[in-house]
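Letters A, B, C, D and E mark the chains as written, and numbering starts fresh at 1 in each.
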Amino acid sequence: MSVLPLLDVGLALLVVAVATWTMAARDLFASVLGYVAYGLLLALVWVRLHAPDIGLTEAAVGGGVTGVLLVTAGKRLDALKAATSGAAPRLRVKILAGALSALVAGALAFVVASLPTPAPSLAPQAAAAAAGPGAGLGNPITAVLISYRAFDTMLEKIVLALAVLGIWSVGADAAWGGAPAPLRKARPDGAMVLLAQILAPIGALIGVHIFWVGADAPGGAFQGGALLAAMWMVAMMARLVEAPRIGSRALRLALISGPAVFLAVGLAGIAMAGSFFAFPPAFAKALILFIETFMVLSVAVALPMMVAGPPEGGQEP
Amino acid sequence: MNEILLAAAGLIVAAVAVGLARILRGPADVDRLMAVQLLGTGGIAALLLTAYATAVPGVDDVALGLALLAAFATMAFLNHLDAGEGGAEL
Amino acid sequence: MSFLADLVSLAAIGAGVFFFIAGTVGLLRFPDSLTRLHALSKADNLGLGLIVLGLIPRAENPLAAFKLVVVWALVLLSGASTAQLIGRALRRGRE
Amino acid sequence: MNASLLAGLVGAALVGLGLYGLIAHPHPLRKLLAFNLVGSGVFLVFGVVARRGAAAGYAFDPVPQAMVITGIVVAFAASALAVALILRLAVASGGVSLDPQGPAGRDAGEME
Amino acid sequence: MTATPATTPGGFLLVLAVLLPAGGVLLSFVLGGRAAGKIALGLTPVGFGLACLVAMKVAAAGAPIAYAIGGLPPPLGIALRADGVSAVMMVAAAIIVAASAFYARAKFVMPEGAPESRGALTFWIMIQAIWAALNLIFVGGDLFNLYVALELLTFAAVPLVCIDGRPETLRAALRYLLFALFGSVSYLLGVALLYGLYGALDISLLAQRVEAAPMVWTAAALMTAGLLAKTALFPLHLWLPPAHANAPAAASAVLSGLVVKGSFFLALRLWFYVLPGLPTAAPSVVLGALGALAVLFGSVLALRQARLKLLVAYSTVAQIGYLFFVFPLAAGAHVWSPLGWSGGLMQVLAHAFAKAAMFLAAGLVAEALGHDRIAGFTGAARALPLTFLTLGLGGLSLMGLPPSGGFEAKWLMLRASAASGQWLWSLPILGGGLLAGGYVYRILAPALADGEVEIKARPQRSREAVALGLAVLALALAFAPRGFFDFLEIGRPSVSRSAP
């Protein structure tokens, strides 16, 4: 008997157990840490599903950046002693919620178990198109993201910009235009500074590497950008760099450069290749890398800005 | 040989899973954090072992990403301790 | 040669697994945060280090071997730094 | 039982767990964690669909995998927006209760 | 459904209709608050023109127009398609966005030399983003692309709710966000299952492939539940009243008039375009029944509100209920289906214009009086005649009295329920009208009574005119010619082309 299925079952049980703990924990911060552990485990599950691209995304975003976001939020809520969270629902509601959840989970399990075999797949079409619109990309996921479903990817980057603006807009009027605070609250500590000084440049290199290989191997603009984002956050936490002011033109340009360049190239597609968001096969790879470079920049700037939160410094109303 | 690598991965996952009991028990947030960090390291080890046994391409980059962010949440947590926001609850 | 490499791998990986288990036991059984921190560091540094050592002979190319070493070095760096930071914070908390 | 079916069942369990938390937890940050559980469960279902669609020399169907990457990005952005709202609410009102406090009217009424 | 080619002449207009406001968002972000207002206002006529062009192309072709993005047809690529309903919705969205933007100038256009303000940048960018998202929802042909559009809509709409920053607005925004996120993720799960079953997400491809199977019903149920949460159909309506009542009036008009219609529109797409070949009678009755409950609860709660904006918001809960009668009344290919379809779409349009008008008017009342407590309205109609006229005319449409779009919608629905023998639906349709009469009376009666109110600031005539214009449009829908209803049928799957 092979060991692999045992490993899979063990991992599956562990994921569900940690998820259950995250939901059941009494203590808010314990629950947050449970979620961070859960994010790490999910990266392993993704690798087992032959999805290293997603594993990398989950490791960088689900475990890493989300972890910092939630840990920061949990600690700040503790510090604010903002305990009033509304009454717990009555038992009747809980039973109903449990029944509904069990029903949904059961139906879903049933559907997943009875998915058709052979499974329908667009992999053959993607392989065929790899010679044309996604020319020169060895990583089919990158081809899907930047070429076949370019429209989704461009709009999703606009969603990121909107989220940043939405987060800024929650701040106080008096602070508008200033810099966000939470990442630079620490007193610079020798060990932290040293760690950041070594980690950030190495991490930045790895981020660029992962973006660069993403055309042909697992990785890509989002994963590379997310790692760069994490390294910028590390540098901010150690106060090697300060958070930028949200009024800064350069910051805003960087935030929208990804979708803006994507949109511009997409519009130009009608002149170059006869259709919006089409790339002439001769330059497809060069154009795609060009767009991706700006997407990396946008992601690397947007994620830290989202974690850093609204600008602070003005008076609370 | 591959089976041995997988068995090693399984043992490590099992070990860190037991270690997760610290998240349950605490008592301090730091103890919970250490359990998460152990899980991170063990996860990387298990990931590498599985990758070498099953030959899924690109897994070493996932491991790189995880290693890069191994201390990420801990840094954020310590930041808030140092900022004096809740250091007493350690 | 390949037999020797396998033997090195087995020994290193076995030892690595042992340190992970030891680290876990320490995390669970040691009486206070500082000693638990000590146990954790052992697993971080030695456990993963030995696993990496065991996998290096099996790496397909030098780049893959190099990545293994980088992974270990990164975990070592992060682990050592945060251990120091946590330790200092714990001591401050005690005073 | 193969790995993708197993992952699918995990996905179903996560959706159920998260849905329960979303309804039953009064604290918005806990609701946010629950939402993220549901989200990752849904992504796992996508991942299962992708893995089952292995064909034409690919170990997976790249289309659903690409969708998961888009989805993870959007879910993170949503979490960040929710956290900003929760923290701001905690600062502004001293609590994070989602229950409307008293008659939503307030005597000032709507001030444009 | 007749197969539409991947790209038709004029199809590029659909891409432009989405990219124009999306580009406006990006440009506004860089150029800052003052430019943002100018960009948004400047784009409204262009967008309106584009929407009209799309409508003309659809009318000229007598068939949907389509565009395959990147020249890649589905299933691998993404297609955009506009049929009669899409074109009408795009035109309506352009009008309401333009009216709200014009109305909002007084609040959010910044004087020369002033530093950028939080509210201005947020409002102008988010309203453009809502517009882009709605246009994409109206023309999107791919279920995952539509998911991205739904998320775009959520991220644009939520910050508008808490733009003034008071704790209760933050609470409303957070509740809205959580409901909306649940809605998106539930929708996305259904999308995943459909892809797993059929390997495609294109609406017309799926329509050819779907069969009546438990798995399809599960997917449809999940997607519908998600969309209902976003549309605020009873019992998932709890987030709506605080959110819509607390946003600035110009934002409320867009949120109540248009944003909830976006997710409703996707529900229509799902049931009438993806699943039309399936026996959908039972789920249609469930949706209709929820609609009836929404009419009842929303109206009764509206009757009990002390504040004008909350009353108008609860009225939205009720009016959303009416939309869902379209499911039992237009399902399948019966002679009466076009009646139900026309009635449902007429209700979408009539409510969009009437409600936008009423929210703008409510905003003017609140500005003029310094409050919006109904009890303090005594004599206000004499001081603010145009604004209360707007509220009255909007109310006329909500009640369903002739001549109004609301009357036309309810009349068509009543005819469909009679023709189909489903006469039970006429009870909530008529009862809801009576209740609406009650809450509109509650606003107007004190306002028309004798009394003196203190006017703090007299509203600008132009802003009163904008609100009144929308209310007049809601009435003018009653005079929609027969050709208009034929136009709504263009591209509707598997239905014989017979006008009411």
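To be clear about the criterion, a contact is a pair of C-beta atoms (placed from the backbone, for glycine too) under 8 Å apart; a residue touches a chain by one contact, two chains touch by 3 or more.
Quick caveat, the model's predicted, so the values are computed rather than measured.
**Q** Starting at subunit B, find the fewest moves between touching chains needed to arrive at subunit E.
**A** Minimum number of steps from subunit B to subunit E: 2.
**Q** Among the chains, which one keeps its Cα centre farthest from the Cα centre of subunit D?
**A** Of all the other chains, the one whose centre lies farthest from subunit D is C.
**Q** Would you kindly say which chain has the C-alpha centre located farthest from the C-alpha centre of subunit E?
**A** Of all the other chains, the one whose centre lies farthest from subunit E is C.
**Q** Mind having a look at which chain is the central one, using mean CA positions?
**A** So the chain nearest the centre of the shown protein is D.
**Q** Count the C-beta pairs in contact for B-C and for A-C, then report the pair with the higher count.
**A** Most C-beta pairs in contact, of the two: B-C.
**Q** I'd like the Å distance between the centres of subunit A and subunit E, where a centre is the mean of that chain's Cα atoms.
**A** Roughly 31 Å, centre to centre.
**Q** With centres defined as the mean C-alpha position, give me the subunit C-subunit E separation in Å.
**A** Taking the mean C-alpha position of each chain, the two centres sit 57 Å apart.
**Q** Compute the distance, rounded to whole Å, between the mean C-alpha positions of subunit A and subunit D.
**A** 13
**Q** Let me have the rounded angstrom distance from the C-alpha centre of subunit A over to the C-alpha centre of subunit B, please.
**A** Centres of subunit A and subunit B (C-alpha means) sit 19 Å apart.
**Q** Tell me, which residues of subunit E touch at least two other chains?
**A** Correct list: 76, 144, 148, 151, 155, 158-159, 162, 165, 170, 189, 193, 195-196, 199.
**Q** Counting only residues that touch at least 2 other chains, which ones in subunit A make the list?
**A** 4, 48, 50, 53, 65, 76, 104, 108, 112, 115, 119-122, 126, 148-149, 152, 156, 159, 163, 166, 170-171, 189, 192, 195, 199, 202, 206, 317
**Q** In subunit C, what residues contact two or more other chains?
**A** 70, 74, 78, 81-82, 85
**Q** Kindly provide every pair of chains that touch.
**A** Pairs satisfying the touch definition: A-B, A-C, A-D, A-E, B-C, D-E.
**Q** If we count contacts the way the header does, which residues on subunit C are in touch with subunit A in the complex?
**A** 70, 74, 77-78, 81-82, 84-85, 88
**Q** Please name which positions on subunit C make contact with subunit B in the complex.
**A** Interface residues on subunit C, with respect to subunit B: 6, 9-10, 13-14, 16-17, 20-21, 23-24, 27-28, 33, 36-37, 40, 43-44, 47-48, 51-52, 55, 58, 64, 67-68, 70-72, 74-75, 78-79, 81-82, 85-86, 89-90, 92-93.
**Q** Mind listing the subunit B positions that touch subunit C in their complex?
**A** Per the touch definition, subunit B meets subunit C at residues 1, 4-5, 8, 11-12, 15-16, 18-19, 21-22, 28, 30-31, 33-35, 37-38, 41-42, 44-45, 48-49, 52, 60-61, 63-64, 67-68, 70-71, 74-75, 78, 81-82, 87-88, 90.
**Q** Could you list, by residue number, the parts of subunit B that touch subunit A in their complex?
**A** Of all residues in subunit B, those touching subunit A are 3, 6-7, 9-10, 13-14, 17, 20, 23-24, 26, 29, 32-33, 35-36, 39-40, 43, 46-47, 50-51, 53-54, 56-59, 61-62, 64-66, 68-69, 71-73, 75-80, 82-83, 85-86, 89.
**Q** Which residues of subunit A touch subunit C in the complex?
**A** Going by the criterion above, the answer is residues 189, 191-192, 194-195, 198-199, 202, 206.
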